[in-house]
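Submitted below is the structure of interest, expressed as C-alpha cells.
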Amino acid sequence: MKEYAYFPGCSLEKLAVSYHTSALETTRKLGVKLKELEDWNCCGSTTYFHIDELLAYTLTARNLAIAEKTGLDVVAPCSACFKNMYFTAAHMKGDPDLAEHINFALEEDDLHFSGDIRVRHLLEMFAQDIGPDEIKSKITHPLEGMRIAPYYGCQILRPRRDHEEIENPRYFEDLLSAIGATPIEYSLKTRCCGGSLIISSRTAALTMVRNLLQCARDQGADVIATACPMCQVNLECYQQSVNQEFGTDFSIPVLYFTQLVGLALGIPKNKLGIGKELVSAMPVLAAR
Amino acid sequence: MNNEQFEPTIIGFTCNWCSYRAADLAGTARMKYPPNIRLIRLMCSGRLDPTFVFKALTGGADGVMITGCHPGECHYLEQNYKALRRFHLIRRTLKGLGVEPERVKLVWASAAEGVKFTNEVKNFVEEIRALGPLNWGGVGGNGHPIAAPITEEVPA
Amino acid sequence: MSETYTFTFMKEVSSLLHAADGNPFPMCVQCGTCSGSCPVAAYMDYTPRQIIAMVNAGLKDQVLESNTFWYCASCYQCTVRCPQGISITELMYALQRYSIWKSRYREGLIGPSFSEAFAKTIVRTGRTFEPILAPSYIFKFKLGEFFREIQNATELMIKGRLPLLPPRIKRLENFKRMIRRIIPMGGVE
Amino acid sequence: MSDKPKFAMYWAASCGGCEIAVLNIHEKILDVDANFDVVFWPVAMDAKYKDVEAMEDGSILLTLFNGGIRNDENEHIAKLLRRKSKILVAFGSCANEGCIPGLANLSSTNEIFDTYYETVSTDNPAHIRPQYRYQMPEGEIQIPVMYPVLKTLDQVVDVDYYMPGCPPESHQIAAVIDLVVQVLQGKAELPPKGTVIGAGGSTVCDECNRKRNVKTITSFKRIFGQPIDPELCLLEQGIPCNGIATRSGCNARCPTAGAQCIGCYGPAEGVVDYGARLITGFASVIESKDPDQIDAILDGIPDPTGQFYRFNLAGSLLKAGKPAWKRNGGNGNK
Amino acid sequence: MEKIGVYVCHCGTNIAGMVDVQQVAEWAAAKLKRRGVVIGRDYKFMCSSLGQELIEKDIKELGLTRVVVAACSPHLHENTFRTACKRAGLNPYLCELVSIREQVSWVHTDKDQATAKSMAVVSGGVERVNYHAPLEPLKVPIHPDTLVVGGGIAGIQAALEIADAGYKVYLVEREPSIGGHMAQFDKTFPTLDCAACILTPKMVQAGTHPNIELLTWSEIEKVDGYVGNFSVTIRKKARYIKTEDCTGCGICWEKCPKKVVDDVFEAGMGMRKAVYTPFAQAVPKYPVIDRPNCTYFIKGTCKACEKFCPTNAIDFNQEDEIVTVNVGNIVLATGYETFDAKRIAQYGYGRLPNVVTSLEFERLCNAAGPTNGEIVLKDGKTKPKAVGIVHCVGSRDKNYNEYCSVICCMQGLKFAHLVHERTGAEVYNFYIDMRTPFKGYEEFYQRVLEEGTHFIRGKVAEINDAARTPDEEGKLIVQVEDTLVGVQMRIPLDMVILSVALEPRRDAKETAHKFGLSCSADGWFIEKHPKLDPVSTMTEGILIAGCVQGPKDIPATVAQGAAAAARALGKIHAGEIALEPFRASVIEEKCSGCRICNGLCPFNAILFHEDRMVTEINPALCQGCGTCVAACPAGAIVGTGFSNEQILAQIEGLLLLNVGEEAVPA
C-alpha cells in the first residue's frame, strides 16, 4: 500500500475542511495512505516572503525536516504550500550555505533537513503517481456528461520552468476524463485567480475571478474543479462580490477535484464535505 | 608555506583541436582564471605520455591537468580514449607512491567550452591548494634530500 | 527637473535576493514580457518592467511610492516567461521586504499591514488564523469592505468553515527559538 | 707486486647476487685472475679500506661496483673507488637503478626502522634502536648513517659504464670480461663513456619467440591459476609481462621459461622513465572506452607501483614515494 | 649551443596592459643566456611588417638559429612568424610562438603574476625550441573534384562558382530537388523580387552544368581521408524511378490516388501525391515515390503510376545505391531548420488555427503555394482584417535560443508589406528591437512605416481566444505591454504570424562528427576564425557556407557560398597543399615488434612486417596525433614537431628548472 507524508496546511483545518475530508476518503478508497505530519507549522504562504526570505524558507524547512523523518514522499493539497515546499527543498539542495543556516535554526527543534525528499502536489499524486488508468479501473459512478473546467492555477505549476508542461499541462484533463467527466478546453486554466490579492487589492482580484468564471462559463462549464483551497475560496466565496461588482450572475459551483473523484468512486456526498460550499453544487449533482 | 596562502603551480596539457581552442576562446572572451596554470599544447590528448606527467610532478608542479576533446568528438576519432586509460593507470600508480591521485585531473572541453575550461581551471587550482604543496621536486633531478644524521628521529 | 543615475538602490535590492534563483534584474532588456503577462498590470501605477528600469536607474522614491510590488499576485507568470531568466516575482518580494524594513510605503495600502499581521500570527502561534486576520487590518480601512468580509465570514461560519479558536503548534517554544536564530524578534513581534 | 692491471669489485646496498653471478662465469673467472691483479673484493678476499686509500688515484683499471647508496659508508667507498679507478662500472640493477633495496624509497626511514625493529619477527621489548654515535668508556663508536632514500651509483659519483640485470646474465659478464681483455691486448676499442654494456638496445620481446598479435587486453591475470598457452605472448593472455619495455640482453629468460618478465634489465636505450613506458604500454591496449570498465580491468594489476617500478624506483624520474620525502615522513615512532 | 632570439609582443595594450613586456624581454635575455638566448626584444606589434623585419634582421645580423615569439595564439600568427624566419633563411620550424595574450594577459588580472607567468611561458618556449628540428612541410596533392553538401542557395552558389571555373562538383541534396528554403519563399527582402524568379535559373544552371553531378534524394554515409584526398560514401536513396527514362511529364503524380500532407516543402500547408516532385520547377525534374505513403508499398496493389507512365520509368524494385566519390575539398552547406513554435505554448500555435509560422506564411503568400498567394484565414476564404507579426519567437530568449536569428526583423517588415499590399489589413509588428543593418534595409523599414504598419515595442506575452469584450469575440487576442507607453494592451487580431527562430539541423551534431568538425554550444558549426576565416574550419579541406555556420540572410549566404568556392578553387589551382610535417616514424633497430602500437591508429597508418617482426608507419596516412609515439613501450616511435625532448624541455622551462628561483618576482 503506497504511503505519503501528508502536509494539510492551515486552510484545510477549517476553511477547506471538505478538501481535507474528501482527500482522506478518496485516497483510502484508492488504497493510498496519507500520514499527517506531526506538529506541522504554517508554510508562510507567499506573504512571508514580504517579511523575510530566509525565515520564509525556514518555516517550510521545518515541515520538510519533519516529513523527511518519515522517509516518505511528502504531498501537499494546497498549491501555495506545495510551491513553498518544492522550492525550499530545491534551494536548500542547490545552496549549501542556505541549508547550513536554516539547519542551524532547525536544531532548536531537534530537526535537520538533508534535502532528499520528493515533494508532490495532491493533484500530481492522483493524476501522475496513481494515474488515470488505475483510477478509471476503480470508479463505479462515472460523472458522465458533467462538463468540468479543470483549474490548475499558478503555484502548482510555476515557477518551475519546464515550459511545454507549465504553459499547457494536460494531466488534470486526463484525470477528469478518467472519472467519466468531460473536461472543457478554456485558455485561462493556468491563469491566476488573484487569491493573494483579495485582501490587499480587491478590485484587481475580483476582476481576475470574473475573467476566469467568464471564460469557464463561455466554454460551457457546469463545475470548476480546483486543486487549491485559496483558488477554491476565491472563485467560490467571491462570486457574490463579483456579481455585485460587475452586475454579472455567476453561480458556478467550485469543487475540489478530490470531491469529484470521490463521487465517481461512489463515496457518499456528505463524506466528501459536499454541502459546505457557498455556491451550491446540488443542482449539478442532483442526478447523482 | 608561511601565513600567506599557498599558490600551486599547475601544468596543463591541451589538445590542439578542442581544449587549446577552448583556452583561446576563454582568452578572446576575456574570461578570468588564476595564473597558476601553465599550458602545453599537444596535437591530441592521445599524445600524452605518462612521462610528461611524472616529469611535471617531480619537477615542481603541484598538479597536472590533462584536457582533450569530449569522448566521441576526438579530432583523431578516438585517441582521447587512450588518454583516458593512461590517466586511470597514472592515478593508481601515484596512489601506490603515496601521492594524492587527485593531483592529476582529466577534463574534456570542446572548442566552444571556454566557460567550462575557465571553471575547471578555477576549481582545480582550489582543489590543489587544498591538497597543499607537493615538493616532489625535493628529490627531483639529482638533488636528493640532504643526508643528515637523523638521530633525533631514532631515540633509544 | 532632470534626474541623474545612482546605483546604490539597485545594489541594496540585489542584496535582498540571496536565495532567489534566476539572473539578476540588471540583465533586463526591457522587452515587457513580464508586464504583458502580468494579470494585475492594469492596476499597477508602474508595470513590473518599468519598476525594474526604475530600480536600475536608482529612482528609489518613485519605486517605494508605487503600488506595483504590493499588487503582485505571486502567480510567477512573468518569472517563467522572462527571456532573460530573471525572477521578477522574487524581485517584487524583495521590494516588499525593503519597503517594510524601511517602513516606507504609500499611505492607504493594505498589503504591508496585512503581511505583518499574517506574519505575526504565524510566529506567535505557528499557524494562521483567518478571523483575526480580517479585522486586524480592515478596521484601518473602508467600512464597506469590512462588511463585505463579514458577509462572507458569517456564511463561512455557518458552513463551519471558519475556526473559532486560534490553532497552535505543540512545540511553540522550540519554534520561537528557531525563528530567533533567523531574525531578531523585534522585526515582527 | 705484479704489474697486471688492477681489478676491484665492491658491494654496497645489495644482496650479493652480483658476486655470485661473477663467479658463475665458470672457467672465465680464471681469465680475470690471469689478466688482472685483484686488489679489492670484500666478498672474495680480505682487504682494508685504508689499503685502498693508500693506492694511487686512478691506479685501479676496472671496478665493478654493485649495490645502491643507502648510507654514508656506501657513499664514502663509492667516492673512494671513483677516485682510485680508471673505469667505474655500475654493475647490476642496484647500482644502476636501485633495484629491490630501492623499493625502500616508498617508505620513510621511521617506517623502515619500525618494520625492522618493532615487528613480530624482532624481540625488542625495550624498543632499542642503534645509535649512529655512542659513547663507550673506550671512546665514541659509530655506525654508518642511514640516508632517507637509497640512491643509485651515478647519483653520487660519475659512472663510466652501466651493466644492468639482477643479476647481470653470466654470459654477458663473460662477454664484457672478454672485451676488456681484448682492449688490454689492443684488439678492441672501449665503447663511449656512459654506454650500457652487457645488454641489447631493444626490449625483451626482441629475444622472446612467443607468437604475437595485435594486442587488446580485456583483463589482467596472475601467472598462476589458469592454463598458459606456451606459444602465445604472455601479455596477450592478460599476464602483465614487462618484456615490452624491458631492455633486451637476457635472452628473454623468464618469458621463455613461462614466467612474465619483471623488468630487471631496466628501460630500453634512451627511455626517460621505465615505469611510464609500461603504464602507457599496458593502458594503450586496454579494450574499453568506459571509465568504470577500465577501472575494473586495472584492478587486475593490484600493485601498479610494484609492477612498474620494482627494480628502478630509485633510478627513475620518481626516485621515491611521498613518505620518503615529505616532512617528518611516516608516522614517526610512538 | 643554439643562438636564440626572444621577441615579446605588446599587441598594443592587449598584452602590454597586463604584462610588463619589457621586463619579460630583459629577463629572458639575462636569465636565459645559459639556455642560448642572445637577444630579447619587446615591440608594439610583432606581427606588423616592422616587427617581422626586426626578427629577420636579427637572424641575418646576429646569426640566430632559433626564434621564440611571445605574442598571441599560434592559431593566429604561427605562420606569420614562420614565414618571417623563412624569408631570413631560417627554417620556419625553428620558430616557436608562445601565447601570452589568450593565455595570460586576457585571462589574468594581476600584472605581477601575469608578468611572472609570461616569463615561465617564454622559458618554456626557449627550452622547447632548443630541440626543434628543421622540417619541410608535407606536400599533398589536391584532388580536383569537390563535394558540396546541401542544395540550398549556399550550396548551389558554391557549386556553380567551382563548376564555372572548370572543375567537377558533386552536389548532394537530401530532398528530391535542390533549392532549399529559398525555393519556398515568395518575395525576398529588401528588393521584393520573387525568390523563384532569381533562384530557379540558378537551379537549372546547376542541374544542366556539365561539371556538376547532382545527387539529390541522397545522403552522406561516411567520410574517409584528409584534405586533398577525401573519399566519401553516399547513399542514393531509391527513387523507384528510372531517371534515365523519366521525362518528368508529371502523369504519374496526376494519376497517383494517394494524397499526402506536404510537411517539408509546403510546411504542412498543402498536399502532394505519394509520387511527387516537391514543386513545379524542381531540379532534377523527375519525381520520387514516397515509400511509406505509397499504396502499392503498403497494400501491394495500385501501381497507377506504373500503368500510366508513358516511358515505363517506374521501377518498384529499385534499391538504395551506395556510391563512393573521391574529392579534394568539401563544402558543407546544410542550412537550418525552423524553431518548433509549439514549444511556446502560450502563443497557442497548433491550438489556435490562425496562428501561423513565418515559413507557413511564406507558402501562404506564395503565388505557387496552396492558396495561390491569397492571404486568407484557415477557412480558406476570409481575408484577415488585422494581422500581427511577432518577432523573436524562440530567439533572444534564454528559455529557447539565446542568439538573434538575424532575419526576423526584415522578414517581419516584408510580411507587413505583403499583408498590407494584398489585404489592406491593419498590420502590427511586435518587436523587442528593430535591427535593420545592411544595404537598403533601413530604407525598407522606412517604406513599411510609411505604409502605416503599427510598430509595437514589446515581446508578446501570450496569444489566446478568451474574449472579455464583445469586439474580442472570435478573435485572436494578443496580450503585450506596449513598453513605450508602459501599458498592457490586448489587441484583437484575425491572424498572427510567428517569426520563428532559425535553428541548427536536428542532426547537426552527427554531421559535424561525420566530417570531423565541432559545433558551438548552440549547435552551429564552428568556423576557423569568426572574423578572418568564416568559411574555413579547423579541419583542413572542409569548408562551410550559409546558415550551417549561423543564422544569416540570402545575400550573406550567397557571399559565403562564393567565398567557400574561392577557397576550394585556390587549393585546386595550387594542385597541392603544404601540411604540417608532424608525423610519427619507427626507429627500426629499437622496435622489438611487441605490437603494442598496432591497434592504436584509427587511420590505419601502422603496419606490421611479420617477416622482420618490426612495425612501420605510413607517413601518407599518419595524421600526426602522436598517440603511438606516446604508447611505444620501447621508445622506438618518434614524432616530429612534438618530440619527447621538445615537450620534456618545455616542462622544465615552464617550471623554471633551469633558472634560479629569484628569476620570478613574487
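General remarks:
For reference, chains read A, B, C, D and E in written order, and residue numbers begin at 1 within each chain.
We take it that a contact is a pair of C-beta atoms (placed from the backbone, for glycine too) under 8 Å apart; a residue touches a chain by one contact, two chains touch by 3 or more.
This structure is a prediction, so every number in the text was calculated from the model and none was measured.
Contact with both chain B and chain C is made by E. No other two chains have as many C-beta pairs in contact as A-C. Chain centres here are Cα averages; for chain A and chain E they lie 50 Å apart.
Chain C and chain D have CA centres that are 79 Å apart. One finds 53 Å separating the Cα centroids of chain A and chain B.
Listed for chain D are residues 272, 277, 280, 284, each touching two or more other chains.
Residues of chain C in contact with two or more other chains: 42, 77. Shared interface positions of chain A, defined as residues touching 2 or more other chains, are 161, 163, 167. Under the contact rule defined at the top, the touching pairs of chains are A-C, A-E, B-D, B-E, C-E, D-E.
Within the complex formed with chain E, the chain A residues making contact are 161, 163-164, 167-168, 186-188, 211, 214-215, 218. Residues 16-21, 39-40, 42-43, 67, 70-71, 73-77, 79-80, 87, 89-90, 93-94, 96-97, 100, 109-112, 114-116, 118-119, 122, 126-128, 130, 133-134, 137, 145, 148, 151-152, 155-156, 159-163, 167, 169-171, 174-175, 177-183, 187-188 of chain C are the ones touching chain A in the complex. Note for the complex: chain B touches chain D at residues 49-51, 54-55, 58, 71, 78, 81-82, 84-86, 88-90, 92-93, 96-99, 135-136, 138-140, 142, 144-145, 147, 149-151, 153-156. By the touch criterion stated above, chain B contacts chain E in their complex at residues 9, 11, 17-18, 20-21, 23-24, 26-28, 30-35, 38-44, 46-49, 51-52, 55-56, 59-61, 69, 72-73, 75-79, 82, 86, 110-113, 118, 140-141. Residues of chain A touching chain C in their complex: 10-11, 13-17, 39-42, 44-55, 57-59, 62, 90-91, 94-95, 98, 101-102, 104-110, 154-155, 158-161, 163, 166-167, 191-192, 194-197, 199-205, 207-208, 237-238, 240-241, 276-278.
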